[in-house]
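Both complexes below contain chain A, partnered by chain B and then by chain C.
After this line comes the complex of A and B, so read on.
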C-alpha cells in the first residue's frame, strides 16, 4: 500500500512538473517519467500488458514524437505564458484535493461499475474473442492516423503553367 | 478493496484536474497536448484500477490498450497539425488561431 501511494505521488508530481516547466523539452521528459510510473502501477495491479503498452508506446513513442515536434518548432516557437496561471496553480490544486477527498468517497457508492466476479480465460481470449470489434476499431484508428499525417504533410505539386 | 478503489480514483481525478487546469490556462500548443496526455493518463489509470478492484482486470487491460492506441493516433495527428500551424504562423501561441478565417 505504501509503495502504491509513493508511485501515485510520483505520477502526480511528474505530471505537475510537466505543466510547470517552462522548457518544453523538460516538460516532455517529465511526462515520460510520469508514464513510467503509471506503467509500474499497471504492473502492480496485475495488468502487465497494459503496463508494457504504457511504457513502450506512451513513454517511448509519444515522447519521441513530442521531442521531434519541439525540435522542429524551437526557433521562434516560444510563447509567453500567463504568470498568474502558475502562481495560482498550487492554490487551486489544494482546493481540488480537499473537494476530491470529500466528494469521491460518496460518489463511488453511487456510480455503477463493472460487476464483481472472477474472470475466466486468459488475456488473449478476452482481447481476441470478447473484444474483437475493439481490434477492428483500433486498425481503423491507426489507418485514420496514418492517412491524416500523410495528408497534413502533403507537398504542393509544382504548377508548370506558373 | 473499496479503500484501494478510492485511492486510485482519487489520484486519477487529480491527474484529470491537472490536465484540465493546463488546458484552460496555458497558451503553448505543445503544452496543451501535454495536458491532453495527462488527462488520458488519469482516464487509463481509472479504467485499469477499476478493473483490478472489481476482478475484471483482463477486460480492463484490453480497454486500456485500445485507449492507448487511440491516444497515439490522436497525438500523431495533433502534432502534425501543430507543425503545420507553426509553419504558417511562426508561433505556437494558441491565441493566434482565433485570427483564422475560412
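After this line comes the complex of A and C, so read on.
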C-alpha cells in the first residue's frame, strides 16, 4: 500500500512538473519519468501488457521523439504566459486532488463487482478477435493525427516553395 | 451496408492527400461530395428495414475469420446518421467555393471525412470503450480543423478546445472504467444486464456524474461551456457549422443520452438534474448571446442555449419529451448549420463579422439575407418553420408532465432567442446600406446553393411536419424511450 501511494505521488508530481517547467527538455524528461511511474503501477496491478507499452512507447519512443524535435528547434522570441494561468492551474490542481482523494477513497471501497471471466487467448487474440472495433478506431485516430500534421504544417512548405 | 458509414469516409480520406497532389480542386470536391451523398442515400435506404425490424445487428468477417466487428442500428442511431449525412453534405457543398482562399482542399476534406467517420462510428458501436475511441477520432480531426486557418486566434482557440476536450474525455473514460470494473464488460448489453444484477446505486451515481461532466463539456452545457464561444467562431465557417450543428450533439448529447437511457437507465433524480442543467444553459447562454457583436460568437452562444432545449426535452423522459428533444436536435443541426454557413458568406462578402460595421446588406445580397432569415426564424420557433414544431412539442410535453415552471422558462427563452436573431437580421441586413458595401456581390454559387438547400429543408420540414416526424423522429424516440429493454433485445 505504501509503495503504491509513493508511486502515485511520483506520477502526480512528475506530471505536474511536466506542465510547470518552462524548459521544454526538462518538461519532456519529467513526462518520461511520470510514464515510468505509471508503467510500474501497471505492472504491480497485473497489467503487464499495458506496462510494457507505457514504458517502451510513452517513456521511451515518444521521449526520444520529443528530445529530437527540441534539439532541431532554434530559440526564438520567448512566449509570455498569462499571469492568471500561474495562479489558476495550481489552485485547480490542489482542489482536484482534494476532491479526487475524498471521492475515490470512499468510492473504491464500495464498488461492487460481478465475477468476470478472464479474457481467453493471448494479448494479440484478445485485441484482434474481441476488440476489433477498437483497432479500427485507433487507425482512425492515427489517421486524424497524420492528416492534422499535414494540414497544420502546410504553411511552412508553402513558404519554402516560394 | 451499415459499415459503409465508417469505412467509406475513412477510405476516401486515405486517398485524398495523394489525389490532392494531382488534382488540387476538382477531384477532391467531387469525391468528397459523392461519398457524402452516398452516405445520405444509404441512410434513407435503411429507413424501411428499421421500420419493419426495429433493430439491425450486423457482423463483419475478416476473410472468413470471425472478428468482433459488430454494429447495432436502431431508430435512434439511424436518425443520427441521417442528420450527420444530410448536414455534412450541405457543408461540404458550401466548402467548394468557400475554401478557395484557404487552399489545400484535399487535406481539409480528408480531415472533414475522418471527423464524419468518427461521428458515425460513435453512433454505431454498441460498446462503451469503442464510443470513447471514436469520440477521439472525431475530436482529433476537429482540433486540426479549428486551427486550419493557422492564424493566432485559430491556434489559440484550437489549443483551448484541445485542453478542455481532453478533460472531458478523461471524465468520460473514468466513468467507463468504473462501469467496466463493476460489470467486467464493456458492451452495452452486458453492462446493462450487469448493472441490473448489482445493487450499486451510489457508485452508478458517481459514474453518471463523471459522464455528465465529460459529455456535458463536449455538449457545452452551462457551466461546462467556456470553450465553445472561442472555438466555434475561430474555425472556418464550414467547420463552425460542423461543430455547432453536429459534433456537440453527437459527442455530447447522443453519447450522454445513449449511455443514460440504454445502459444505466433514467431515474427521476437524474432527470431533474439534467432538466435543470438544460434550463440553465437555455437561459444563461441566451442572455450572453444578446451582448455579442461578432455574428459567429452570437451563434455560438445560441448553440449552447439550443442544446439546453434538446437536453430539457430528452431529460424529461416522456415519449413526447424525447421526440421533441430529438426533433429539435435535427432542426437545430440544420438551422445552425445554415446560420454558420451564412456567417461564412457574410465574412466572404464583406471581410468582417462585426455587426456594428454591417448594415443594409439585404438589398445587395438577397439570397444570403433570405436564407439567414429562414434559419433565424426556424431556431427562434416561428411558425410554420421546423423549429416551431420541435419547441412546441417540448413545451407540450413539459405541460403534460406538469412541469409548468420549465415550460414557462422554455417559452421565455424562445422570446430571447427571437430577440437576438432579429438583432442580427436588423444590424446586418436591414436598414440603410453603408457606402463601403455598395459594390458587394452575392456569395459564389455553391455557397449560396448550400444555404438555399438548408433553408428549404427548414421550410419543407415545417410544412410537411407529420410525415417527417413519423418517418424519422418517432422510431428514434421509441428506441430511446424503451431504454434498457431495447438494448437487451438486440440479440448480440
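As a working rule, the second predicted complex is superposed on the first by the 98 of 162 C-alpha atoms of A that agree within 3 Å, B and C clash if a C-alpha of one lies under 4 Å from a C-alpha of the other, contacts with A are read in each partner's own complex, and residues count from 1 in each chain.
To be clear about the criterion, contacts are C-beta pairs under 8 Å (C-beta built on N, C-alpha and C of every residue); 3 or more make two chains touch, one makes a residue touch a chain.
Bear in mind that the values here come from a model prediction, so they are computed numbers and not experimental data.
Enquirer: Give one of first, second, both or neither to describe whether A:41 is in contact with chain B, with chain C, with both, or with none.
Expert: So A:41 only meets chain B here.
Enquirer: Touch check for A:18: first (chain B), second (chain C), both, or neither?
Expert: first
Enquirer: For A:10, select first, second, both or neither according to whether it touches chain B, chain C, the two together, or no partner.
Expert: A:10 contacts neither chain B nor chain C.
Enquirer: Once the structures are superposed on A, label A:154 by its partner contacts, choosing first (chain B), second (chain C), both or neither.
Expert: Only chain C is touched by A:154; chain B is not.
Enquirer: Taking the superposition as given, does A:144 touch the first partner, chain B, the second, chain C, both, or neither?
Expert: both
Enquirer: If we overlay the two complexes on their shared chain A, which of chain B and chain C does A:136 touch? Say first, second, both or neither.
Expert: After superposing on A, A:136 lies in contact with chain C but is clear of chain B.
Enquirer: Could you tell me if A:60 is touching chain B, chain C, both of them or neither one (first, second, both, neither)?
Expert: So A:60 meets neither chain B nor chain C here.
Enquirer: In the overlay, work out which of chain B or chain C sits against more residues of chain A.
Expert: Of chain B and chain C, more residues of chain A lie in contact with B.
Enquirer: Common interface residues of chain A with chain B and chain C?
Expert: 113-117, 130-131, 134, 137-138, 141, 144-145, 148, 152
Enquirer: Using the touch definition from the top, list the residues of chain B that touch chain A in their complex.
Expert: That would be residues 2, 4-11, 13-15, 17-19, 21-22, 25-28, 30-31, 33-35, 37-38, 41, 44-45, 48-52, 54-66, 68-77, 79-84, 86, 90-93 of chain B.
Enquirer: Show which residues of chain C lie in contact with chain A when the two form their complex.
Expert: Residues in contact with chain A: 6, 10, 13-14, 17, 62, 66-70, 104, 107-108, 110-111, 114-115, 117-118, 121, 125, 127, 129-130, 133-134, 136-137, 140-141, 143-145, 147-148, 150, 178, 181-185, 194, 197-200, 202-203, 206.
Enquirer: Would you pull the chain A residues touching chain B in the complex into a rising list?
Expert: Listed in rising order, the residues of chain A that touch chain B are 1, 4-5, 8, 11-12, 15-16, 18-19, 24, 27-28, 31, 34-35, 38, 41-42, 45-47, 49-50, 53-54, 57-58, 61-62, 65-66, 68-70, 72-73, 76-82, 85, 89, 92-93, 96-97, 100-101, 104-105, 108, 113-119, 121-123, 126-127, 130-131, 134, 137-138, 141-142, 144-145, 148-149, 152-153.
Enquirer: Mind pulling up the chain A residues that touch chain C in the complex?
Expert: Residues 103, 107, 110-117, 128-134, 136-141, 143-145, 147-148, 150-152, 154-155.
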